[in-house]
Amino acid sequence: MRERLSFHIKRDSALHRLNPLTKLLLVLALILSAFLTPFYWTPHILAILVIPILSVIGRVGREYLSTAFRLILPAATFLFLMQAFFHPIGKEIIFAFYFLDMTLESLMFAFGNAMRIVVMVSAFTIFLLTTHPSELMSDLSRRGLPGQFAYVIISTLQILPQVQAKAQTIISAQRSRGLETEGGFFKRAGALIPLIGPLVFGSLVEVEERAIAIEARGFTSKHVKTSLHEIPDTPTDIFLRWFLTTLIAASIGLKLWLS
Amino acid sequence: MAFVNLQNVTYKYPLTKTPVLQNINLQVNEGEFVAVMGPNGAGKSTLCYALAGFVPHFFKGEISGSIEVDGKKSSESTLDEWVLNVGLAFQNPFNQISGAKYTVFEEIAFGLENIGVPREEMKDRVDEAMSLTGISDLADRSPYSLSGGQQQRVALTSILVMRPRLLVLDEPTSQMDPIGTREVFGVVRKMAEEGMTVVMVEHKVEWIAHFADRVIALKEGRVFLEGKPNDVLTSDLLVENGFGISRYTSAAREAKKQGLWKKDKLPVTLFEAAEGFKP
Amino acid sequence: MKISINDLRFTYPAGVEALRGISLEINPGEQVAIVGQNGAGKTTLVRHFNGLLRPSSGSVWVGDWDTSKYSVAKLASRVGYVFQNPDEQLFSRDVLTEVAFGPKNLGYKKNKVDELVGCALALTELNDKTETNPYDLSPTWRKMVALASIIAMDTPIVIFDEPTTGQDAVNIARIANVIAEIKKEGKTVITITHDIDFCAENFERVIALSNGEVLLDGEAHDVLGREEILAKTYVDPPQLTRLGKALGLKETVINQEEFLNALK
């Protein structure tokens, strides 16, 4: 049975102690500066320097690295290759492979984009690793975000591991009926059908029952909600939020001004 | 005036052709523990949803008649107000986990956060509810890592902690081991003694007989039989209509034919059976 | 087909030791019920029989196959497994296709598949529902479809995980009938259950697990009378067994017939 159903890792670090909204702004600032910057090297510096430093500050360096190698790098590499070969810019071919051509321009373009994706996914990963989702939810609804909205965000954070666990059970049930899930591509693709039906149907029932269950526990109550955990919100947070908001505004402003 | 009062309630879900509840009349007094039993498709779960306000507020559909709890009419209330008085736990424990919490303790506190209970009081109430249902040692576990039976205890505790005036339970012990089931019935009985009104759907006849004050047998959306556990659960009509009965009753009924059971009244509990069979 | 379990241990990746040295033999044609408290290791144990779980140490043999050397899909030809929740299993657009899925996977010829499916549908009383989409059936009937879809695989060993949970008296009787019928065919039936009266009425042998170990194992009579030991794993003896004790009957009785005979 799985004990861990979210990314969050309970530790004490400067990042863990920040208010969830501050961290959310940090993520936004990182992403926007990576995507809107007029300087080619910004995403690279963020990905190679800033993100790793943040993961160390948050004492989740090892977990971040493992996610990066298993998930983020392969995805970014795929994107890089696709764009490097297929993005039709530049003339001077520097590398050819059968009918595939790569130009210096397409290489640069693809590399920059891949790095942007690395920054975006990494920033979220570190956010999830250091933020307790129920704290995020409580904090956002305390700030006036409608409860339903906050809940959707939070339960989405938990949904992947749940769907994964459920899919595992369904696969087990089908393999027990002689379904071969190992082997070639077609065999495995064929094995998907008996998986999807129960997964979709199960999710429909689940959504309805869960809605009833949380409603029965006062979810849409008009009372002002309280929170089991004390949510940190220090002067440092307030200062950081001002700083990050300025940074975000600056990236947007710069982009608009230059375009 | 009864604490729970259903008058001529007939209800049809939006997509079904025939009514699931047909002309239900039901009165429950404050602090009474009523068990509801019946074959699959009898309308037990729908009755629970009706008491808890989800029929019709959540499911829509056509309803007639009136549902009253503590003098307030369901039709004149909103769901978010109604649930403050009426707590509901149902069968599938997995789908009752909020999905927003990491530990059992947080999960149980979820409802109290929603209704704005102050932090210190919240902790006390969660502790108290967990010790009542015997799950204090699960406080730091992830709710998803628990077995079905343990999750059912968490679901029950999550509702008990809200301290509803009326507690509605739909097969809350279906995945529990036998002694765990008996313990949960004991907890529910205790809540009733303390003044909570309880309506509980269950198949486990022996414990219904032992713990409940009254039994309602539903069939095809109607109240089929109603009365004291011993009267309803020994009725000859039950078996032929697809209801479960206790082994004590069925053994005594057979014994009666062979002259081995001498009393008029058939037994439902171990105690009654032992009394009656004693030479 | 015989199942041999030798000093089986299993630890979940999270570190929970769920089985702590289990040795058992289940003979061909036996009717075995596995009981025990929530978390005792019942499901973990039976998932080793068809290879869904692999021993951390020790071994499980099904006939002459060491389960750690065969895929689940291969083992499915010897061990059928009905999951607790039919919703995790059913996916076809009609009952007939659903029930045929398993036997087709096992590679039976068309007319053999038809024959097996026909028998399974008759046994589970689904004959009039073959065209229906399983999801349009009530949960009770979906359970029967799940049963049929495994029985149609015609495996020498059939496992039921909590078959009676959430079922009404009528359907429990139907399930008991299914078990009795496949017993007649000489198949091994292994059932996990909390319903101890159901266990007493339908099974010859009972294994009580507690904390990943075998607490009791033997004929239903011997096991179900041991009230104090069973209590350790949160199980009560059957109703009539308790009544027999309360009346001071000399022998342990577990079902109505025995009880009435003992009274005379």
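Think of it as A, B and C in the order they're written, each chain with its own count starting at 1.
In the analysis below, a residue touches a chain if its C-beta (ideal position, glycine included) is under 8 Å from a C-beta of that chain, and two chains touch if they have at least 3 such contacts.
Owing to the predicted nature of the structure, the values given are computational and were not obtained by experimental measurement.
Novice: Work through the pairs of chains, note which ones touch, and then classify the graph as line, ring, star, complete or other.
Specialist: Graph shape here is complete: every pair of chains touches.
Novice: For the pairs A-C and B-C, output the one whose chains share more C-beta pairs in contact.
Specialist: Between A-C and B-C, the larger count of C-beta pairs in contact belongs to B-C.
Novice: Take the average of all CA coordinates in subunit A, do the same for subunit B, and state the distance between these two points in whole angstrom.
Specialist: About 42 Å, centre to centre.
Novice: What's the distance between the Cα centroids of subunit A and subunit C, rounded to whole Å?
Specialist: 42
Novice: Give, as an integer number of Å, the spacing between the C-alpha centres of subunit C and subunit B.
Specialist: 28
Novice: Taking each residue of subunit B in turn, which ones touch at least two of the other chains?
Specialist: In subunit B, residues 145 touch at least two other chains, as defined above.
Novice: What positions in subunit C touch 2 or more of the other chains?
Specialist: 14
Novice: Could you check subunit A for residues that touch two or more other chains and list them?
Specialist: Where subunit A meets two or more other chains at a single residue, that happens at 1-4, 205.
Novice: Subunit C touches which residues of subunit A in the complex?
Specialist: Per the stated touch rule, the residues are 1-4, 166, 169-170, 172-182, 193-198, 201-202, 205.
Novice: What does subunit A use to touch subunit B in their complex?
Specialist: Subunit A reaches subunit B through residues 1-6, 8, 132-134, 137-138, 147, 151, 154-155, 158-159, 162, 165, 205-206, 209-230.
Novice: Show me the residue ranges of subunit B that touch subunit A in the complex, using the header's touch definition.
Specialist: The contact residues of subunit B facing subunit A are 49, 52, 54, 58, 79-80, 83-84, 87-90, 92, 94-102, 105-106, 109-119, 122-123, 141-142, 144-146, 155, 158-159, 162.
Novice: Of all residues in subunit B, which touch subunit C in the complex?
Specialist: 38-41, 91, 145, 147-150, 171, 174-182, 203, 206, 239, 242-248, 250-251, 254-255, 258, 260, 270, 273-274, 277-278
Novice: Hey, which residues of subunit C end up touching subunit B in the complex?
Specialist: On the subunit C side, the touching residues are 14, 36-39, 84, 138-140, 162, 165-172, 194, 196-197, 231, 233-236, 238-240, 242-243, 246-247, 256, 259-260, 263-264.
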